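First chain A sits with chain B, and in the next complex the same chain sits with chain C.
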Partner chain A sequence: MLTLGLAGTQLVVNGTVDLRNGADIDGRQSTGIRVGQSGLLRSSTAGQNPSSVNAPVELAGRVDAAAGTLQTILPITTAPRSSTALLSTSGGSLEVGALEAGIGSRATIEGTGVTLYSLGITPGGGAGDIVVGSGLLHIITWTPKGSGSLHVMPGAAAEVTTGAQGGWRSRTATG
Partner chain B sequence: MINDGTITFRQRSNHSNAVSVSLAPTSELVNNGKLVFQDGADAHGAGGTITNNPGASITKGGATGTTFIESAVDNHGLLRSESGLLKLTGAFPAITGSP
Partner chain C sequence: MAATRRHLIALLALASSILVLPAVPSSAESMCTATLVVTSGEFTDPTAWSSGSVPGPGDYACVPRTTKATLSTNGTVDGVSIAGTLDGAGTLTVSDGGTPDVSQLTGIVSTAGLTIAAGSLVVDEAWLSGSSTLSVSPGATARVISTRLEHLVPVDQGHRLGGHRRHPRSGGIAR
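Up next, the complex of A and B:
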């Protein structure tokens, strides 16, 4: 467990943060995690429990589940005007509590095994885009709003399941 | 929203009143691929529009339930119910007349 205990603490990732064997990050009191364009936050081994990231994430780089399950509980927000944010699976499962694409930014989702528990395209009149580039994206709650877009590319798929419940979802900040 | 692939809306049987997608007023879902509503999955949002382009399809599947599409459906492609009832309650601007 990596704890970002102090208010105002921020973890900046420009290299690789590797969560192994179910390791977690707890940063609920912190400013959160900023994954730069060259940064990678990943789970690389399968533990008995998922690796849980309980901190807000500002993403310009990549969050990847290479093995095991990687959960992000607080929202992932694309970095301002970034088009390089990538959420992917390359052998594991990625469970995202909430994803927000801000004004002028884009998040791309690739691979099968990504679950979004809450998908927003905000704020307000923002033009944030979320692109499903490949694989199958599973969406639990989908309430399109704002002027941003969700684009499912050719060959990719999204499945929206209504009213799904689960123990993990009850832990999410977004409900 | 733009769909060039496949989007499947699936309703869990124990949440019969849940809405699969709710389109905000003036929002548009442009379908160039496949939209599949399974069982009783619905599309709400009377002010929104689903544009089903040529070559694209909106299909009602699953063994049970009624799919309500409350949004306007501007249909230039295929609308098909393989089972159950596909009920369009919104505007249907591609043709003059009722759905």
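Up next, the complex of A and C:
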């Protein structure tokens, strides 16, 4: 368990941070976790409980569920103008509380077992895109805004359970 | 009979969890080449350390529980074990320059920075406070564990007893 305190405290990940056996990171009031382009934040071994990340995440690198369930509670926001943010599963399940692709940025989702509880695109010109590169993406609440797009690549699929609204170029698709 | 079997299984699970979870070496003291020997002292004060000198790139520095090292300027060590508190305005860089020791953070980093430039850091029940930053450099790894959780989870005939966590977004059981 790693606890990040109030605003100003942060975890900067340019290497690898492994969450093992259900270990958590808690920092809801902190500056949060910054995962750089070479950074990897993952659940590496399964525990009795899911591993929970309860801190804001700015992502230019990768969040991966390699084993067990990895939950991110607060929003994952793509780093400004980054096109390298990657959410993936490689053996586990990934439950993302919210994902926001900012202006000029892109987030890619790969693998099966990824669930987004809230999906948004930051308003404004040139808002970012979200790409489903492979696997099946489950979206629980779809609250689109802004001008970005959800792209579903060939062989991939996105499934919306509830909350579909207008504003996206496509709502549900199989690539 | 059934109760005895349950107890046996729980005991075996506890024993196996202890056996497979040596992520925090039990004898960090044996790795220490410099141990803080005052309740509260400057990191750069040679008299505050058991070695009689300021820990440097060749040292594995240990800050025991209930002690506090104040780092006013930047420093570099080979490895570190922080069970007490590291504070101050400086940043401590762990270079892991050859000794295959795993650094440990089980205490508090307050205001100061801690950079894992190489090697591994095991984090368990640790706090970052003030405006502190824990930074994991490319090629380095931080393993966040929770021995408390792991040792408290009982197993009853293969069924989970407390492995569910409520996802705040969905309001339902996430897993």
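Simple rule for what comes next: the second predicted complex is superposed on the first by the 158 of 175 C-alpha atoms of A that agree within 3 Å, B and C clash if a C-alpha of one lies under 4 Å from a C-alpha of the other, contacts with A are read in each partner's own complex, and residues count from 1 in each chain.
Note that a residue touches a chain if its C-beta (ideal position, glycine included) is under 8 Å from a C-beta of that chain, and two chains touch if they have at least 3 such contacts.
Bear in mind that the values here come from a model prediction, so they are computed numbers and not experimental data.
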First, second, both or neither for A:Ala79, with chain B first and chain C second: neither
Which superposed partner A:Ala60 touches (first chain B, second chain C, both, neither): neither
Partner chain in contact with A:Val160 - chain B first, chain C second, else both or neither: first
Contacts of A:Ala101 with chain B and chain C, given as first, second, both or neither: neither
First (chain B), second (chain C), both or neither touched by A:His151: first
Superposition-derived comparison: chain B or chain C, residues of chain A touched: C
Contacts of A:Pro50 with chain B and chain C, given as first, second, both or neither: second
Residues on chain B engaged by chain A in the complex (per definition of touch): 1-12, 14-15, 18-24, 27, 29, 33, 41
Parts of chain A lying in touch with chain C, wherever the complex brings them together: 1-6, 8-25, 27, 30, 38-39, 44, 47-50, 52, 69, 71, 73, 93, 95, 97-98, 117-118, 140-141
Chain B partner contacts - residues on chain A that touch it in the complex: 132, 142-145, 149-164
In the complex, chain C residues that touch chain A: 21, 23, 105, 116, 123-146, 148-150, 153, 155, 160, 162-165, 167-170, 174-175
